[in-house]
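Listed below are the structures to be examined.
Paired with chain B in one complex and with chain C in the other, chain A is shared by the two complexes that follow.
Up next is the complex of A and B:
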């Protein structure tokens, strides 16, 4: 499944979800379909789910809220390993992603 | 749109093209076939003329040749008949000679029955003896054959008696067979009596014409050399020039009748055949030969001629004589017979003079002078069978030639006539052919016009109808009766016109219906619009209330100005009516708490959350909560519970600066804090380790840290929300921390208010016409 517009694209391949482009969606309601997509993946019975953010150029604060909520969702599932792949190429990632680690200490944050 | 008049279609019409194409094709076909026919007719005519010409010429020549042959045959026949008669007479006479006793008896018998035949009387004047008229024949006995008593010698007397047998034979021979002038017997050289039938004044005529004949021997006088030739033959029959006893003379004037004659002699032999015993003879007038020859009539003026081998013409008619340019010359005098000299050799026509007659000739084409013109003639010469001829001197072989002369013009007349007929026929055929072509053209033209009218009338009708449709006359219908594609097109057109007509006529009704529908829709839209306006108004009012509430809680300018040690300036601009940014300056006694935060998103909910933060922070401040960690923990706790209750799915970053006049304490997680020293150094303080977003967790005490910031006179601190650093220009570039720091350093000596104003101006210039995505908040705190 894939959600996209002219600026961004989100799609899942097995247990890995990819974010690509610039996300400036207006608020939680606008992000709801993406939340449903990834939440479904988290509850899909995988042992590990990976958020691949290496193609995510920009994410506004509502988007960061989305990631935080998904992280908290994952934290509630004891047997699920959440891996977040990020990049130093985009400054916001180094600034915001460590918060996810704070919310979910078992989260595997990989900033390359 | 086509504005041409329908009456004057531009260019060539379909019908004209049709006529051009079909007419052209037919014309071409007609001209080609007609031309071929004419050419063939001309060629046929030419070939026919040639064929007919050759055929006619061949036929004409064959005809002339045949004519010549036939004429030659006639002449030969005539001669053969004379020969036959002479031979018969000779046979009788020879038989008498061969049987002297019977001869004597026959003579005695005739003397008894017909005394005038043998009773002669002496003529004193002529000195010859001759029987009296009344006998069937005349017998002349020349003076030198008479005795002293003027009576014939006894041997002569015997001959007179025996020769009387002529009376028995000659008359009947004269009456029958070929026409002969006279038949006669001449005795031997010793007794050359002359008995001739019928009776004439023979000796008298001789005396008149040939004086002195009575003194000389008959043979030597009249026919010198002839008798001697015969005597030669008697010795050796092989010496005859032609294997025939009969000897012909050249033409001469008959002494008795005065006519031109030819004599035919058959010598009689002695019983022992060793010598000549006289001769049997017959004369024919040249007229008889000439008649046969002169009867030759080929075409209009063709004629024949008979010539001796020496070229002497013995028979020809006067026209022929004139045409051939012959000149008669009198015979040599002093001889017994007067010959005729009319030779081709003496002809005034050079071509005739050259004409060789001594050998068989085929057809010759000659040009003869006639009235000063050269007229072409065809001459054919046919050699007759050879005969023994005496002319004077010894007997020699002679072959006469028969010539036929015809003007080519007359021979060719039939050819010309045939050619003229063919030419006439050709011209007639050509004329008929041309007439037929013209008639065909006329018929085809009429047919093409008629057919084109029939064929194109449908198309014309369609075109006309289409033009009327174009002129918006939808009532038009075409009537095409033909059962072809044009007819189908006409039917389709009529159906189409009908539909157009139907739709056009129903258009008004349709328009009315549509108008009514539109009216209804318009009303509906109007109602909706009113509803929308009401809703908008209501929402607008709501937003206006929220905006006002948000702005109401911001610190007043005079609040910011009342701190002696610090100079504080702030700028906030929401991306929409209601923003999600938060800043506040709370004073409680000597303590000052400066807060900055950013609620996710913007709009009413963000604004409400921001109001909550402001209220809770104020309450905690008023409650005397001086511990920064506890302050944030409690604030988060209160907010978290409210977020759960209100189901506001938002959180916020939030940081505070606590200043007690000496120390500046930073707590909470928000954007980097920029500190610019009086000497221009810049310090960027990361707040990631100082907290966690507010509203995500119920208890965040574990994550909150504090950090002291050195803050001396001349230093200033710059707080901002990500609306500043993440503002985009037209190129999609971000304003960024570096640019913000450079601006801060550039403006380090200015007042806090100026610093904020300048940075905002730079930022707005940077954004340009690009959309402002996020709320922008900027706060400068300067140490006085």
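Up next is the complex of A and C:
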């Protein structure tokens, strides 16, 4: 399944969800379909789920809230390993992704 | 009447007259969400040019200017009363400065000032994590998360001035500054 508009695309392949482009939606309501898609994957019985953010150029604070909410959702599941792949190419990732690790210390944050 | 100021007071009074000035006007096309993205992209494109001598410096400047501008303009669009949004921006002494002015109603003003009170006595990084946890169990928006990320993750210096206008309306002026990388194209 895929959700997209002219600026971004988000889709899942097996247990990995890919984010691509610029996410600048207006708030929790606008992000709700994306939340549902990924929440479904988290509850899909996988041992490990990966958020691949290496194509995520820009994210507004409502988008950061979305990633944080999903991280908290994953934190509640004892037998699930959440991997977050990011890149130093987009400066927001090194600034804001370590917050996810503070929310969920067992999260495997890979910033390349 | 003197405005009520929160945050770094010296920022609130600084002149941005030599910067760039933009006005977003309510009109037949309406002032949309899209315009805040377009406007912040435009500001980042123009202001980051002087850093184009270094790829790393340019990426950093472009992103930080874009993120800061976008959050401030998104807030102005989201919480404004009908009317113009005035934006001033420029690079001054190695920092990017932006000032956004719009009108808000009394309820929004009271709620916002409450958040700023909390901010004064707390570490923004801690407040950010706390706010994220709160947001995770509620569906309310307007949580101040954008301002908290700016203060915590971008080390932004910020000032907010509230000035009573006519009746229930209040003029909110937000000024913010972030340090820029060393300029390679003086």
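A few remarks follow.
Keep this in mind: the second predicted complex is superposed on the first by the 112 of 112 C-alpha atoms of A that agree within 3 Å, B and C clash if a C-alpha of one lies under 4 Å from a C-alpha of the other, contacts with A are read in each partner's own complex, and residues count from 1 in each chain.
Keep in mind that, in the parts below, contacts are C-beta pairs under 8 Å (C-beta built on N, C-alpha and C of every residue); 3 or more make two chains touch, one makes a residue touch a chain.
What you see is a predicted model; the values in this text were computed from it and never measured.
Superposition of the two complexes onto chain A shows a clash between chain B and chain C. Of the two partner chains, chain B and chain C are each touched by A:102. Touch criterion met: A:24 reaches chain B and chain C at once.
In the superposition on chain A, contact of A:11 is made with neither chain B nor chain C. Set against each other, chain B and chain C differ in how many residues of chain A they touch, and the higher count belongs to C. Using the contact criterion defined above for the overlaid structures, shared-chain residue A:90 touches chain C, although it does not reach chain B. Stretch 599-607 is the one of chain B that runs into chain C, the other listed stretches 5-13, 77-85, 275-283 or 599-607 having no clashing C-alpha atoms. Shared contact residues on chain A (touching chain B in one structure, chain C in the other): 24, 26-28, 58, 60-62, 64-65, 68-69, 72, 91-92, 95, 99, 102-103. Across the interface of their complex, chain A is touched by residues 33, 37, 59-60, 63-64, 66-67, 70-71, 74, 78, 128-129, 132-133, 135-136, 139, 141, 143, 145-146, 149, 153-154 of chain C.
Put simply, chain B touches chain A in their complex at residues 580, 598-603, 605, 649-651, 653, 669, 686, 688, 692-693, 696-697, 703, 722, 726, 737, 773-774.
Note for the complex: chain A touches chain B at residues 24, 26-28, 58, 60-62, 64-65, 68-69, 72, 91-92, 95, 98-99, 102-103. Residues 22, 24, 26-29, 58, 60-62, 64-65, 68-69, 72-73, 89-92, 95-96, 99, 102-103 of chain A are the ones touching chain C in the complex.
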